[in-house]
Structures are given as C-alpha cells and as structure tokens.
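Shared between the two complexes below is chain A, which pairs with chain B and chain C, respectively.
Right, the complex of A and B next:
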C-alpha cells in the first residue's frame, strides 16, 4: 500500500486522538498537533499529485465476509480524487492555521481540533474510496463531525439546535444512500463506483434500478450539499465557529454531494437522472441567490451564496458537462474558503459581531482584509479575470446549449445576482461610516501571521488559479473540452453585472434613504420576508416534522400503545377477578357442592380426553 | 468440570455465597466476578473446540430410560456466541453494580441467574430448554422486584406474567412436537414427521415474540426496564431478549425451515411494525429510560427481519446485530439509569447541559447513541448495513424501507442528546452532583471500546456467525 495513501487514511483520526489527549495536558499542544497533522496531510496530497498523476491507485481490501457475501473496502485514487484531496487538505490546513487566533480564547480547544481533524479525515475517506459503502462511511463521518462542530458551543440553545438540525437534515438524505447501496448490491451485484460506471457505459444494468439508485444517491447529495428542499441546515450551521463554516462550506462537506455525482457521472448519465439533478439545482440556485440578497448576517449571506454556487456546479453536472461542474466546484471551494475566513477575520476584529448592518467603514482598520475579501468577492461574482468568471461562463454556456429553458434561465439569474449580494455585503462591511459606535471603537487590528497570511495565500491562489483553468479541466476530465460558444452570453453577463453593481453600490453607499423608502412598501416587505426566511422551506419542514411526524403519527402510536395494547394487558387482571367472582360461589365449604363439582370436573376431563383421542 | 456443573453449580454456589458471607458482604462481588470469568473462559474454550460443522457434544445427563427427556448438552457456534455474550455482560454487570446495596443477596441472585441462562443456550432438549427458560425468570423477578425503582412490584409481576403466559403457548408447541414425533431433542425431530407444523410454529412463535419482544407483545418491556436497576436492564436487553431471537433461529428457522418459509412474510411484517412502531414511540418519549427501551425494541425488529430472510447471510447478519444490540443498548441503559440516580428525574426535558458536568458519561452516551442510529465506525452500522442488504436481496426492493428506521432512530437519539446533554443546564442539573465510580467508568469504557472495535473490525464476529449457520446451509 502506498505510504501517502496510508497517511491520508489514518493520520487524521490518530491526529484527532492525539490532539485531544495532548490538549488536555496543555491547551496549545492541541493546535500544534492539528497544525502539524494538517501540514502532513497536505504534503501527502501534493506527493500524490506529483507522483501519481499519471497512474490510478487502486486496491481492494475485503472488509466483511458474511454468509455468501463479501462487502469490500477499496481505495481508488484518480485525478478527480487528487483534486478533491488537494482542496480538502489544503483548505483544511489553512483553516486550522487561521483558527489559532480565532479560537485562541476558547477553553475547549482540544475538542475543537480533534473534531476538525476528524472532519477532514471523513472527507479524505470519501474521496479516496472505491465503493459506495466506503463513501457512505466518509459521508457519515462528516455528518457526525459537522453535528459536533456546528453545535460546538453546545450550551447555547441556538447552536445545539443548529447542530441537531444539520444532523437530521443530512441524515434524511443519507438513509437514501443506504437504501441505494442495498438496491445496487441486490440487483447490480456491486457497489464499486468504478464498476458501476463501466456497467452503465456498457448498458448492462437495469435502467429502472439504476434510475432509482441514482435518484436515491442524489437525495443524499441534496442533503449534504444543501439543495432544495434540504438546505435550511446550511444557513443555521452558521451558529458554529466561523472557521467551521469555512471548513464545511469551502473545503469539505458541501462538496461531497457534487463529488459523488461527479464520481458516478457515467452512471447518472446513463439513467437520465441528470435531468432531475439539473432542474433541482437550478431551482436551488435561484432560491439561494435571491435569499442572499436580503440577509443581515455576514455569514448567512455567504451561506446562501454557497447554496447558490453549489447549485451552479450541480447544474454544470446536470446539463452533462462534468468539466464545468467540477471546475466550478474547485474555484468555488477556494474563493468561498477565502470569503469565509475573511468574514471570520472581520467578525474576529469586531468582537464577534455577525450583523453586517452594525459594521461599516472597516476598510480603515483592516485594509488588507478588505482587499483579500474583495478578491474573493470578485471571483464569486464572476468578474474576469478571476477564476469564478471562467467556470461560471462554462456552466452557463453548457446550460444554454442543453436547451432546457427553465434550467438555463434560473441558473443565469442566480449567476447574475451573485454580484449584487456580494457587493452589498462588502459595501456594508468596509465602506461608509461605522453604524455602531461601540463596535467601531473597540475594533482591533488582525495579526499578520495567523490571519493575514492564510488570507493572502488564498487570495493569491484565487487570482492565479484563473491561469490554469483549462489545465484543471484537462486534468480532471482527461481530454480537451470544447466549450460551447453561446452568442452574446459573455457580453450579456458583463453588462448585467455592471448594472447590478452600480445599483447596489449606489443604493447602499449613497441612497440608503431611497432604499428605506422602497423597503417600507408593503409588497416589497412581503417579498423581503419570503426571501429573508428562505422561502419558508424551513418553517414548512419544521411544521411537517412537528405536527405530522411527532404530534400525529408518533402521538397516535403512543395512544395506541397506552389505550389499546396496555388496556388489553391490564384488562386481564379485572377479567381474571371477574372469573374468580363468578366461580367463588362454588367455594361454599359444603361437601355436597364440592362433590358435585368434582363429578362435573371429571366428566369434563373424560369428555375432553375422548374428544382428543378420537378427534385428533 | 463437566458441562452440567456449569448449569447446576450456581444453585449451590449462590446459597453458599448468601450464607457464608454474612458480615463480609463486599466479597460476594469478587466471588461473582470470579465465577463469571470462569464461565467466560469456558465458553471461549468451547469456541476453540467447536467442530467445523454442527454441535460440540458436552454429554448427556439425567437419563431415565423410561422417558426420553435426557438433558442433552451440546453447543454450536450460535450457542457459544450467546454464551460468550452472556458471560461478558455478566462480568460487566458486576462492575456496574459495584456499590449496589444488599450485596450478598444481589450477587447470589446474579450467580443463580447464570445457571439457567447457560442452560437455555446449551441444551437441545426442548423440555429442558423450557424449564431453563422459565427458571431465568425467578432471579430476574426478585432482582427487579427488590432493587428496582418506585413501581418495581407492578413491573416485576407484569414482566413475569407476560413472558410466563406466552411461554405457555411455547410449551404447548413443544409438547405437540413431542407428541407428533416422539422426541424431545431437536436434533432428532424431523419436520416431515409433524402433522400440524403450522399450529406448532405459531405457538412457538408467540413465546419467542413476547420475549423479543415483537409488536404488539412488547408492553412489558418498557415497564420492566424503567423499574429495573440499570444493571439488570443490561441483562434484560442483552441476554433475555436474545433468548427470544435465539429461540426463533433455533426452533423455528432451523427446526421447521419449510414452515418458517411459509410464514416468513409474517415475520417480516411483525419485524417492520416493531421497528417503526417502537421507533415512533421512542420519538414521542420524554422519559429517558423508556426512550432507550423503545430503541431496544426497535432494533430487535431488525433482527427479526434478518432472521426471516432465512438465508445464510441474513442469519449471519442477525447474529451480528444481536451482539451489537446488546453492546450498544447496555451503555445507554446504564447512563440513563445513572442520570436518574444523580438528578432524580426521568424526564429529559428537565435535564439539559449535562455534557458540561459529566463529560465522560455524556460522551459515551453520544457514542452509543450514534451506534444505535447506525453511524459507520460502530457496530450499529455494520448490523444495519448487512441486514438491509440481505433483506433487499431476499424480499425485493420494497424492504429498503427499513432504511427509514435509521432516520427515525436518528430522530430520537439526536433529540434526546439535544434535550438531556446539550443545551443550557436546568435547575435540577445545577443542583446535582455527577460523580461516577471507577468500576462504572471501566464497564462503560469496555462497552465503548467493543462497539467501536467490532464496528471497524467486524470479521471476528462474522466468523463465528458464519460458522453458526454454515452447517444449516450445508456448508455453503
């Protein structure tokens, strides 16, 4: 077995245990252990990238023999895996580094770093595994880690609720993957992702089974990657530390859904499930981008933008362009990690103020952070020459080429709107006058090594990765991809973005009074409420789970248990007492009565014996 | 030591222990521990002596030529797996009851319990099986009735009568087996010789179903568990419930395969109903120990579905899940009982924020809870995965609906954690002290270790499980 693979597989989990134990002796040791392990993981990924870019690493370890079955556990590392590894470990390392200051005052650091390493370990496991079972293991590890990290401040009610919500929403998707594993195992006799693709290519797999399995797997992806309708957890996940948000939204968890669809791309393609993928994703992109327009908290704006951008990547896959989808995933992971860490820096220097409306004018205190965040924002908005421009362009042209109007229009709107919400956020934080004197007075400068350095590196990568866009595509897909040319798309997008940019800057910088006037209108208020609450999907799901699931189904089960079953069980007591009351008159104490009963009894027994002997 | 001593020695040992330790009660637990260790190692040695297929003969005792109810003792991999599980749980229960009051009587009852429970898994004679089955109830009745919580007498009697009444159905079934074939020993009974196999099957099934328990025969279990001291809950869930599953495999699947195949769908229906019904009850439950009890019932439903597949892999999976269930549900019961002991409340909504005050217990509760909802890396996942694969293979795509059980269990586990362990501490929690004895900590650590170890390396258990059913499936 390859040493680098071995390290990637084991080091995060061992590291988590070591970080926790050492941290219990001396707090800072937890950070340093995590930092070192993070670096080792990143180096191991780079080693794989350098040494094994030409060859595929693939081996199988039989995991469970039971009955006539063998459940496999295999490792499969190709270019797609290596790209995902670089993202997960590279951004994970940056995230750990950043946490030195951000989590520096927290008394529970050992727990924090142990969970973070465990999280990264889950992602690594997901992307290097060969079988759906192994993928499910990594998938669930991340679910557990996100539960633990979002609810890191478990004593806060909101954080504990958010953790619970994240776990249950993603778990709901996950059980479909479990079902898909069983279906594929029973009907296709394999859960090997590579073989499934081959089977699909050769058309050797029942189409209905494949469609159902593909949709079930996509259901899991919906949960993990925050698509409609299982996205509300992604917004509430902002209750966790910002470094955790960066980890979930940039480096690891939310990418897993896209990864699994990309990994099984041929399989999905074969089943026509991609049609549903594209449409669900287009709808989610629209929901995410419109809701992001009106949020107040810095992190919620970013969270909705994550949802929207993941959907754009999904649309790329859904319309049949693996290259476009994966490229957008890669770009998004990097600039989103940058944006979250910048937001973390802002929140950190402003003493954990998350409401963007309370900030303002921070460019004077933290010009570098403002610059780095601007670079991330431009990339997210899709402004050339930043990386986001290229991948978005690719997805959009693929979507228009594909020919489904709904998908193309919705995803275009979503892509356009991204400049509006991100500009709004940046203007609110950095420009204008400070809106809250208390916060403005106490803002302190960020440190160079722990905050500016990782931001700078990420900003640098965001800028320069634009140069290698076609190389990345080539690396992932293995061949040149000819981008379809859609007449006028680029011009349309750029014009639209410029107009939106000017409107937003004008409104939020100079025209706040006008903005308030517009906002006070009733109709606008209604729209605002709908968008602010994420189209009330969370309210709806909560209502269903509370009133249908718990108060109707579970309560009636309880009622049945108490008043029907136990009534019968406890009813046996009065019943036997009743029998006793009927017959106790027989216990009169008179010999004659007893004699009579005895004769009766003997007669019954004799008759019974006769019936049994003759009858049976 | 001959095999029969293992069953009958506890009677004398417990009497000796009870009378000889007057004034030095604390040594009884060491005697009990020693005896259970002996049982564990004997079981282990049998595991190594097992032939490749079939039974390891341990001798035939108490022969009376006029009747043929000889006490035939023989074990196969299935019985040995149950014996190992039983003795392991007994050992750990000694640690968790380290500071129990009235130690002399408590531990002598535990020792007394070890006799018939070993007998149940060691004999192949249905008459003796029935006797041991009933005899396990007696020490249990006293253990629940004397060391239990407020309504212990009601619970103990309900438990006793419930299982006893249904055992009578089973007994009639056994009697008909004898009447129609002339043998008490299952190795000699042939299914083809039976004239009313369906009637016998349902009679026996009723007995096992109440023990498992299957919906709608389950209502004894929450009461018994809630009122029993938590160490006894461990034995109830870990061992007594497994008697039902063991009986189902041994006396329906293996003894009457053709009839079982006929009624397999009924078993699936009962299993699914149990899983979902108990799961929904657990979601609705505020009472922490009842929640765990319903969770336990819910998982036994899965075991029945796996047994109903009647395939080599399905039965292997069911045995794995039986062992997994015992190891997962035990720490949950122990911590639930411990929390009640410390906070004097049963209700999760009155707790909250326990993580901060009892991190060790909370961490193990969360770990075991994660195992109960089937998180990878724990035994719960392997059990659920293997069962769902076998079931879909045997019954078709629709049975994939049991995956939903994994979501329901996530619902009640996560919500319980949210209410009891996370969140802001309540008044009750703030006014309680949470300390845990080293012996309890040790036992919990062993459970946690086993859950994770066999979740990552499940093959040792599957080796035994495969061996248990390889002879039944003709050494496939």
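Right, the complex of A and C next:
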C-alpha cells in the first residue's frame, strides 16, 4: 500500500489517541501533537498531489468475503479525492494552528484536539474510499465528531441541545443513505462507487431503483450539507467553538454532501435525480441568503451564507456542470474558512462577543483582520478578481443555460444577495462607532503568529487561487470544459452588486435612523421575523416530530411496550428461574451421579445410532 | 522444529523458575516466538514425521495457540509457576494434535493433552482445588476408557488410520465412532458429559481453568473436526441428528444454569459449556462448505476470550479475594484496567459486533444456515440473546454498583502484557475476517 495513503488512513486516529493521552499529562502537548499530525497529514496530501497527478490509486481489500457475501473496503484516489484531501487536511491544519490562541484558555484541550483529529480522519476516510460502505463509515465518523464538537461545552444547555439536534437531523438523512446502500447491494450487486458510475454510463442498472437510491443518497447529503428542509441544525451548530464552526460547519464536513453527489455524478446524471438536486438547492440558496440578511450573530450570518453557498454549488451539479459545482466547493471552502476564522479572531479579541450589533469600529484595533475578512467577503460576494467571482459566474451561466427558470432565478437572487449580507456584517463589525462601550474598551490585539498568520495565508490563497481557476477545473474534470457564455450576465451581476453594496453601506453606516424607521413597520417586522427564524422550518419540524412521531406513533408503541413487551420481559425472571431449578437437580456435586450421566450420554448416542441404522 | 524447541525449553525451564520467575517467563516467551517463527516457515512436526500436515488453517490456529500460551505464561505468578513448563509441553503436543492426519496419533495425542490437563489441575492449594481436580481426573479416566473402547471397535474394521484412506464403511464403524465421540464430548463438555466441568472449572486454580476451558477446548475442537470429518460426510443423517440434538441441549441447559449462579467462576464455567453447544453447529453442518471455516473461526476467537476472562478472574481472586458477584462490585473504580479487559472479553463472549466473538458466531451459524439447519441456528441465536443476560449482569456489578472496599487493585506488568496480547487477538479477529475464512474454505486433512 502506498505510504502516504497509509499515513492518511491511520495517523489521524492514532494522533487523536496520542493527543488525548499526552494532553492529560501536560495540557500544551495536546496542541503540539495535533499540530504535528495536522502538518503530517497536509504533507501527505501534497505528496499525493505531486506524485499522482494523472494516475489513479486504486486497490481493493476484501474486508469480509464469505460465500456470496462480500463486504469490500477499497481505496480509490483520483483528482477529485486529492482536491478534497487538500481541503480537509490543509484547512484542518490551519484550523488547528488557529486554535492555539482561540482555545488557549480552555481546560479541556486534550478532548478538543482528539475530536478534531478524529474528525479529520473521518473526512479522509470518506474521500479516499472506493465503496459506499467505507464512505458511510467515514460519513458517520464525521457525524459523531460533529456532534461531539458542537456540544464541546456540554455544561451549557444550549450547546448540548444543539449537538443533539445536529445528531438527530443528520441521522435522519443518514438512514436514507443506509437504505440506499442496501438497495444498491440488493439490485445492482455492488456498492463500488466507480462501478456504479460505469453501470450507469452503460445503462445496465434498473432506472427506477437507481432513481430511488440516488434520491436517498441525496437525502443524506441534504442532512449533512444543510439543505432545505434539514438545515436548522447547521445554524444551531454555531454553539460550538468558532474553530469548529470554521472547520466542520463551514469548510469541510458540510461539503461532504456535495462530494458524494459529485463522486456519483454519472449515476445521478443517469437517474435524472439531478433535476431534483437543482431545485431543492435553488430553494435552499434563496432561503439561506434571505435569512442571512437579518441575523444578529456573526456566526449565524456566516452559517446561513454557508447554506446558501453550498446550495449554489449543488445547483452547479444539479444543472449538469460538475466543473462549476466542484470549483465553487473548492473556492467556498477556502474563503469560508477564512471568514469563519476571521470571525473567530473578532470574537476572540472582543472577549467572546458574538452579537454583531454590539461591536463596531474594530478596524482601528485590528486593521489586518479587517483586511483579511474583507478579502474573504469580496470573494464570497463574487467580486472580481477574487476566486468566488469565477465559480459563481460558472454556476450562474450553467443554471441559465441548462436549468429551468425556477432554478436560474432563485440562484441568481441568492448570488446577488450575498454581497448585501456580507457587507452588512463587515460594516457592523469594523466600521462606525463602537456600540457597546464595555466591549470596545477591553478589546485586545490579536497575536501575529497564531491568528494573523493563518488568516493571512488563507487570504493570500483566496486571492491567488483565482489565477488557477481553469487549471482546477481541468484537474478535477480531466478534460477541457466548454462552459456556456451568457451575454450580459456579468454586467448585470456587477451592476446589481454595486447597487446592493451602496444601499447596504448607506443604510448601515449613515442611515441607521432610516433603517429603524423601515424596520418598525408592521409588514416589514413580519417579514423580518420569518427571515430571522429561518422560515420557521425548525418550528415545523418540531411540530411534526411532536404531534406525529411522539404523540401518535411513539404513544402507540409505548402502549405495546407497556402491556406486551413488559409482560414478556417480567415473565422471563420466573421462567428462567423455573427452568434453572429443573436443571439444577442434575448438578448435585456428587461425582457418582456425574459418571452416571456420562454413561447415560453414551447410552443415548448408542441407542440413537442403533435406531438410525435400523431405520436405514 | 517448533515441537523440539518447545519440548526442550519445557524440560529446561524448571531450572529457572524456582529462582527467578522473570527469566523463566522470558525464556518461555522466546520459546513461543521461536516456535511461531518455525510454524511461519511451515515446519513443525511435518518436517520430521510423515503423519503430520501443515495447512494454512492449522497455521492460523497454531499462531493463536502460541500467542495465547505466551500470554498465559506471562500472567502466572507465585505457586502457579510450575505451570509454565506445562504451557510449553501443552504447546508442543497441541501442535501435533492440530497437524496430525492419522487417527491413531489423534487418540494418543488427545490422551497426552488429557494427562497434561491432570497435571495442571493437580496444582492443589486448598480443599476446593482438590475437589475440582478429583472430579476432572475421574471424569477424564472414564472418558479415556470410553474412547479406547470405541477405538478398539474401530480398529477391527479399518486397516489404515490415515484420515485420507480410513475405511469408513465397516460394520462397526458407526457405532465405534459414536462411542469415541461420546468420550471426546467429555473434553468438549457436552451435556450430559458436562457436569464435571462446571465444578472443575470453577474450583481448580483459575489459571488452570483458563487453559482447560480456553486453550485445550479450542485445540480439541479443531482437531476433532479434522479427525471425524470423513465419518461426518459418510453418515450425514446420523451427523445432523446427533450433533444438532447435543448442540441444542448443551447450550440451552448451560445458559439457564449460568443465569442464576452467584459464583463468577461458575458463570464462566457454564458460559464455556454453552459455547461448546454453539461450536457443535458447524459439526452438524459438516456437509456445508463453510463448516470448517466456522469451526476454525470459533476456535480462534474462543481461545482468546475464554482464556482472558479466567486469567482476569485469577487476578481478581489473588489480589482482591473475589469469588462471588457481590465481591466484584465497584471494580470499575478499583481496578480500571482489569475491568476494561474483562468487559471487552465478556462482550466478545456475548457476541457483540466488532469483536471476535461476534464474527465467530456469525460464521459458525452461517454454516448451519447453509446446511439447511436454520431451526437449530434460530435456537442458538435465541440462546445467545439469553446469554447476554448473565454477561451484562457481571458488567453491571463491575461498573454500576458501589463497593465498601475502596482499595485499588494493581495490575502486574506481565498480566498487562498478557491481557493486551489476548485483547489484540479478540479485536483483530473481530475486524479482519478474510484470513480465517479464506483458510477455512479450503479444507483438507
């Protein structure tokens, strides 16, 4: 087996255990172990990138092979995997580095770093595995790590609840993936991701089964990538440490839904499930971008923007452009990690203030952080020459060319609105006068090595990755891509963005009074409430769970449990004791009776044999 | 070669263990490693005598055996030290028993193993030990008589004793084989030849019980399957009827007996008997191509987990005087390492996935299903569910009850390493299934 692959598979889990154990002896050792392991993983990914461009690493290990039953565990690393590996390990490394200061005062650091490394291990497993089963294991590892890290400060009730919510919501989607695996295993006799694509290309797979399987897998992707209607967990996941939000709920794990669709792109294409992908994603993009407009907490704004941008990438895939979707995924991962970590820096220097309305004027204390965050924001908004511009442009033109009207219009609105909410966030944090004197007075300067350096590197990458956009596309897709050109789209987008930018800057910088006046209007307040609560989807899901699942289904199950199951369970005690007492009489402890039993046994066998012989 | 190494070390080792047990243990471990190396090279007894054949399946079983014996040797202390020599002898003889392809040698080596087991239980320190030893010895003597009677009958009808060209269609063959089996059932503790085991396993020194119930039983399982395979194929009806009947009776009776015991060693003894019942299913399913894989997997998994639980119980008894369930309360706090090993191995015995106990049951039961014996497999699965009751009951006492005694129970380094070896076996074979199944599917003498 390839050494680099071996390291990628094993090092995170070993590192997690080592970081935890060493950290128990001496707190800082946990960080340094994680940092070193993170660096090793990143280097291993780079080695793969350098050495295996153009070749595919592929081997099969039969995990359990028994008669007709085979559980395969294969490794398959192509360009798509390498890109995902670079994102997971590179951003993971940056995130661990950043956590040195951000988590520096936390007493539970060993637990934190162990979980983060475990998460990275899960992500690596997902992206290099060849079979749905291995992918599912990685998928669940990430879900577990996500649950544990959202609830990292488990003594806070809101954090513990958010962890539980994330677990339940994503698990709801995961059940469908498991069902899809079973379906494919039963009908297509393979869960090999590569083979499934080949089968789909050759049309050798039942279309109905394939459609159901694809939709089930997409259901899991909806849960993991925070699409409509399973997105509320992503917003509440912001209860976790910001470094966790940056890594897991901004840059890497939430991409896994897109990754799995991209990995099975031919399969999805064959089944026509992409149509549904595109429409659900367009709706989610719209919901995310509009809700982001009115949030108060820094991280919630970013969370809704994450949802919206993941949807944009999904739209790219959904309308049939693998290149556009994956390119946006890559760009988004980088600038979203930058934005989240900048937000983390802001929250850190402002003593864990998360409400953007309480900040303001921070540009004086932290000009560099403001600059880096601005670069991330511009990329997110899709302003040239930042990377976000190119990928968004690609998705939009693909949507207008190949998608239906609904998809194209909603995704365009979402793309346009991104400049509004991100500008609003930046203006609220960095410009204007400090709105809260206590916080403003105690803000301290961020450190160079631990905070500014990773931000700077990410900002640098965000800016310069724009140069290699066509190379990235070529690297992933493997051939020249012909993308549709929509006349006037760029001009339209830029004009729209400029107008929105001016409106937002004007309103939030100079026209706050006008803003309050508009906001006090009843109709506007209703809209604001709807948007602020994420279209009340969470309330609806809770209502359905409570009234249908708990009160109806669970109540009848409870009746069955109380009167039928408990009766049986309670009956086992007297039953087993009775049987025991019958058997006990044979075990007197007297060796004479034991020998008698042995002779009886011989007699039974001999008599049985005689009967059989006679019978034959 | 490995045979000679083990025998020679076994003869020399009494020179060391009286003065320095550490050196004796190291020598024994080195001997086991060297033996394993020769096994890996493919040379054991087969390089000296023509009546022994080494296949991939025997090789895997021999690795498991040598690793377990090394682990047991490492944990022995105090007055148990003479057992180290017996470990080496037992290793040597077991290699022969696993590799032989001659029925006469099978009987002889089986008796040698029986004699070693008498020496093991003869390590008597108190009244209970002597009661267990006497019971084991008398039962063994009677069983030997029965086996020899059967073998004498068999020898009338067959001129050759090689597995490959034995005469299996003689006039007395069926009855002779049945009588021999009845004798061997004593060693496998099949109901109704089990009662001695329930007393002996729980009353003799726990280290000796670990070897009797874990090591010897696993080796005999595999060797018996190989020895009787030709008969089982020749008489399918009798095979299915006899083995199914005894499998069901054994597992059911043992599980119900185990549920209401208060003495931990007795629970483990009955659990061992119940496992013999499960292990008979691949015998009944001998016609299936998966039967040997099933028995091999069962033996490999069982040798690690059963040996481990009795060794931990030995530590508990020596360090904390544990005998009954109430004595083990709160051990999770007092002896965290012991409790962890104990819990994992008990879970494996109960058949919890990702541990060897689960896969061994899965493979063995699958053989039963493949041979069309699903009603018996169904009963076995229900029995496994019942068995979880008493395993979890022990774990509940360890972790969820409080004890008045707070004194910590320490784990010696030898014990820790030994338990780690056994745990590694349980976990490894709980995840990686390919090797054993692959080896077991190509059954040959």
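Quick note on the criterion: the second predicted complex is superposed on the first by the 553 of 616 C-alpha atoms of A that agree within 3 Å, B and C clash if a C-alpha of one lies under 4 Å from a C-alpha of the other, contacts with A are read in each partner's own complex, and residues count from 1 in each chain.
Everything below uses one rule, namely that contacts are C-beta pairs under 8 Å (C-beta built on N, C-alpha and C of every residue); 3 or more make two chains touch, one makes a residue touch a chain.
Keep in mind the model is a prediction, meaning the values are calculated, not measured.
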| message | Between chain B and chain C, whom does A:558 touch in the aligned arrangement: first, second, both, or neither? | response | first
_First (chain B), second (chain C), both or neither touched by A:151_ = first
### Which of chain B and chain C A:141 touches, first, second, both or neither
first
Quick check on the superposed pair: does A:64 touch chain B, chain C, both, or neither? Answer first, second, both or neither.
both
Comparing chain B and chain C in the superposed model, the one touching more of chain A is B
Worksheet item: Which partner does A:269 reach: the first (chain B), the second (chain C), both, or neither?
Response: neither
If you stack the two complexes on chain A, which partner ends up touching A:176: first (chain B), second (chain C), both, or neither?
-> first
With both complexes overlaid on chain A, does A:160 touch chain B (first), chain C (second), both or neither?
first
So the chain A residues that chain B and chain C both touch are 63-67
Listed in rising order, the residues of chain C that touch chain A in the complex are 134-135, 138-139, 142-143, 146, 174-175, 178-179, 181-182, 185-186, 190-193, 195-196, 198-199, 237-238, 241-242, 245, 253, 256-257, 259-260, 290, 293, 359, 363, 366, 370, 386, 389, 432-434, 437-438
In the complex, chain A touches chain C at residues 62-67, 576-577, 579-580, 583-584, 586-587, 589, 591, 593-595, 597-598, 600-602, 604-606, 608-610, 612-613, 616
In the complex, the residues of chain A that touch chain B are 63-69, 71, 133, 136-137, 140-141, 143-144, 147, 151, 154-157, 160-161, 163-164, 167-168, 171-172, 174-176, 178-179, 181-183, 185-187, 209, 212, 549-550, 553-555, 557-558, 561, 565-566, 569
Listed in rising order, chain B residues that touch chain A in their complex are 158, 162, 216, 218-220, 277, 280-281, 283-285, 311-317, 320, 353, 355-356, 370, 373-377, 381-382, 384-386, 388-393, 397, 400-401, 403-404, 406-407, 410-411, 414-415, 417-418, 421-425, 458-459, 462, 465-466, 469, 476
